[in-house]
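In what follows, chain A forms one complex with chain B and a second complex with chain C.
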Partner chain A sequence: MHELLLMAVISGILMGIIYGLIGIGMNILYGVMRIVNFAHGEFMMLGAYMAFTLNRLWGLNSLESIFVVLPLFFILGLLLHALFYERIQQSDDPEIASFLTFFGISLVITSVILLIWKADPRGVPFPFSRVSWIIGPVFLPLGRLISAGVCALAIGIISVFLYRTYTGKAVRAIIENRDAVSILGIDVRRVSALVFGIGLSIVAITGCLVTLSFPAITPVQGQTYTTIAFLVIVLGGLGTPLGALLGGLVYGLAESVSSVFMPVALSPVVAFVILILMVMVRPQGLLGKVSTRI
Partner chain B sequence: MEPLLNVKNLEKSFGGVKALDGISLAIQENSVTAVIGPNGSGKTTLLNCINGIYVPEKGSITYRGKPLVGRKPHEIAALGIGRTFQVARVFKKISVIDNVLAPVLRSRKSPARLREQAVQLLKRVGMGDLAQHGGGDLSGGQQKLIELLRAWIAESDLILLDEPFAGVHPALKARFYGEIREMRRMGKTFVLISHDMKSVYALSDKIVVFDLGRIIAQGKEQEIKSDKRVIDAYLG
Partner chain C sequence: MGRHSVLAWASIAAGVVFLFVVPLLPVSLPYFFYMMFWITMACAFNIIYGFVGYLPFGYVMFYGVGTYVTAVLWSRFHIPIPAAILASGCIGTALALAVAPTLRLRGIYFAIVNFAMAMVLRILVANLPFEWSGGSFGITLSRAYRPLTSYYFMLGLMVLSALTVLWLSRSRLGVALRCIRDDAAAASVLGINVPANRLKAWMIAAAIPSVAGGIEAWFTAIVDPATSFNMMVTAKTIVYAMFGGLGTVIGPVFGAVFMYGLDDFIWGRFPVLNLLVLGLMIVFLILFMPRGIAGTALRKWPGLGQLVK
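Up next, the complex of A and B:
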């Protein structure tokens, strides 16, 4: 039992880091632009299917695909920003407008995936996919370990960007008070475009890594990841980028540890119970400071 | 002499209410112009039109001969117009020194030199030991000083001060006076909105009085004090 629990904790932490990165992508977009990216999971699946195609075409594995998918998603982010940002910001309620816009985009992406790749589950072979590290009583699947490692590296790079670079500081300043930033001479529109590009680049990374962590991908998985991203950022704190990492860890651990004591199908329920308790006790999330607008 | 800032026939309405009703104002370089008036007379709306937060329906604003209406706030800031707010807009989760450096994020100057300058400015106003604290740790008065230091480090030539002395401790207020006078010696120009008449008289060269979106009087201290329209506006 103890070994099982230990494995569940380690697995929960590994998945929590991946969930954390999924949440960070959504949280940065929300924090800077008040854009609720309801298509987050679908973009992830698009990234995952692109990794699948790159594997079929050029034999690239999931990690190698990141180097192709990431720049494409960055450009896609800039394009989406140019298409929708002004229109959404000029609406009476940018949050609702963005929610509806991206809900529409999520439907389009799912349809495009079904059209191109069909509904059959797909997988990307990885040289070490069947290898596990065995440390004492604990089995660590190498694919998931590498995924968590890459996510941790990405989170580290994002943290350095946000806390050490001037542009990152501008991003944090916009999250706190976008009007004040504009009066200080910072072009909010330009920084927002960059953030949209970075947000989708993060999605590209997580999309490619999904193919490494799970044996199969399907077109309808996107909604699950969007829900996880929402859950993670509400747990961690809306608009606080690194709060998402904490939220991801809480969600990952709750999902994994609860599966030791109850049927696996019920483990998401535990995570949602934690979410409901969090909303009741600390609505601003673990690292958030206010419960409504920041 | 061509004024630094020239406002002509400015009009701005909110719903059916005219917040600015044909305001014309010339601000000379290296001067302190105080704008006073009862609450709701349009003083802050004027500042918001100057730095691009509001777009006026009519009239023009030129700064060093360049039109400002239609430009975005960040473009106006880049021209050399700084601003402080009635409720200071300091980033609470960002360090005090980075708050001071916020307007020079895209500067071509060496980041190390700018950082050193920010440290010196913070020391100058007695906040050197607070450099690494979060903006949220500062008192309201200290936050207002940070806004002034931002205008200093950004080398803004025209600084719009919106109620800088409201709710500020007398010791900090004295420091504010000193810094404004020093910046003026450096050639800076100020537009000062304040209800604190002692500060207005102590600092300004010219006083402009607003009421219901119009200028009802302008001149020096004695002219304003003896103007019947000003007395009526304040006392009803």
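Up next, the complex of A and C:
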């Protein structure tokens, strides 16, 4: 029992880091542009399927394909920004408008995936000779260990960008106060475009890593990841970029530890119940400051 | 009543009479059943999103609970279908009352929490004891199958929900709800009891899809968790209502008739493209026509006010 619990905790922390990066990708868009990307998980699945095709075509493994998918997704982010940013900002309620727009986009992506890759589960061959490390009584799943490592690295780079660079400072300033920022001469439009690119790049990384952490991908998994991203950022605080890491760890641990004590079929319920309770009790998140309740 | 109003009322009456004689005509009964189903859903959704401004993104849960209550009561407790459908409405309304505290939330928070609740209900229903709900296989009601009777039940519900919206748009409650949508704080200062009024709207908006779910379960004679809690029900309801024009009386009716027709046409010919077209349609509507057909027309010709508002 103790070993089982220990493994659940380790697996929870590893998945928590990955969930954290998934959340950061969504949260940075929300923080800067008030855009609720309901197609987050579907974009991830698109990245995962691209990794699958890259593997088939050129034999790239999941990690190598990040280098191809990431630049493409950065450009995709700029494109989405050019297409939708202005319109969404002009509508009566930008948050709801973006939410519904990206819900529409999620349907489009799902059907595109179905058209190109069909509905069969796909997988990328595991690139390493060992599936897990065994340390004492504990099994460490190598795929998730490496995924978590890559995510931790990405989170580190994003933190340096946000807290140590001039542009990163502008990004944080916009999150804090959109209106004041334009008076200071920061070009909100340009920073938003950059953030859209960065947000989608993060999605590309997590999408490719899905193929490393899980044996199979299917077109309809996207919704699960969107929900996880939501949960993680609501836990960490909407618009608090690094809060998502905390949210990811809390959720990762809750999910894996609860699966030790509960039937696996009910484990998503834990996620949703945490989400509902969190929004009702503390809508600003574990770290957030702004209250939205009336 | 002006000339336009007479014309409008006459065409609406003609439409209802037509739907009444549809079973006698050589046309597809399911097509018109589902047309009325979507009109009902769009009208009910309009009450909570169009009038009060709350977006319940897990709206499917009321429909889903409605289908299951009717199916379980009939198959497990041998309660006659009409009584079971009534119970669906009551339990759906009770569910709305139970989740009423979420109405404190606004905008995106309300939408997400509502969505999460629909997901929880789906998983819970799928994991009910097998003899109750049949697990993922669901329940068949083939011995209760009466397509014609259930068709007329749906017709009745559709007329009832359209009349509810019409009454709402002309009542004190409707005015209060629109005030809450536009500025809840100001409405409260004006002496409008915000929580009580929006709770009324929320319960009406929940009761209608719950009953619709019960009738639909009777019509198809089968329920299963994947269909009953399919997110596409929410999505289609939003799109249909929005296309016609939220916050207007006639908009959602028109939107549901037109969009369901289009949807059915695309589904029949290009099944794979259906999702793609629906997605593009949502994006287009939100970005270019957020007020829908009726709302856009109202802006261009304010004289239409009496007809559509």
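Here is the rule we use: the second predicted complex is superposed on the first by the 289 of 294 C-alpha atoms of A that agree within 3 Å, B and C clash if a C-alpha of one lies under 4 Å from a C-alpha of the other, contacts with A are read in each partner's own complex, and residues count from 1 in each chain.
What we mean here is this: a contact is a pair of C-beta atoms (placed from the backbone, for glycine too) under 8 Å apart; a residue touches a chain by one contact, two chains touch by 3 or more.
Since this is a predicted model, take the numbers as computed values, not measurements.
In the superposed pair of complexes, A:V281 makes contact with neither chain B nor chain C.
Which of chain B and chain C touches more residues of chain A: that partner is C. In the superposed model, A:L184 lies in contact with chain B only, and not with chain C.
By the document's definition of touching, of the two partners only chain C reaches A:I88; chain B does not.
Using the contact criterion defined above for the overlaid structures, shared-chain residue A:F272 touches chain C, although it does not reach chain B. Using the contact criterion defined above for the overlaid structures, shared-chain residue A:L57 touches neither chain B nor chain C, since it reaches no partner.
Residue contacts after overlaying the shared chain place A:L107 against chain C, while chain B stays out of touching range.
When the two structures are aligned on the shared chain, A:I134 is found in touch with neither chain B nor chain C.
Within chain A, not a single residue is touched by chain B in the first complex and by chain C in the second. Only residues 51, 53, 72-74, 77-78, 83, 85, 89, 91-94, 98, 101-103, 105-106, 111, 150, 154 of chain B touch chain A when the two sit together in their complex. Contact residues on chain A toward chain C in their complex (touch as defined above): 36, 84, 87-88, 91-93, 95-97, 99-101, 103-112, 114-115, 223, 227, 230, 234, 263, 265-266, 268-269, 272-273, 275-276, 279-280, 283, 292-294. Across the complex, chain A is touched by residues 55, 57, 101-102, 104-109, 111-113, 115-117, 119-120, 123-124, 126-127, 184-185, 231, 235, 238, 272-276, 278-283, 286-288, 290 of chain C.
Only residues 166-167, 169-170, 172-173, 176-177, 179-188, 289 of chain A touch chain B when the two sit together in their complex.
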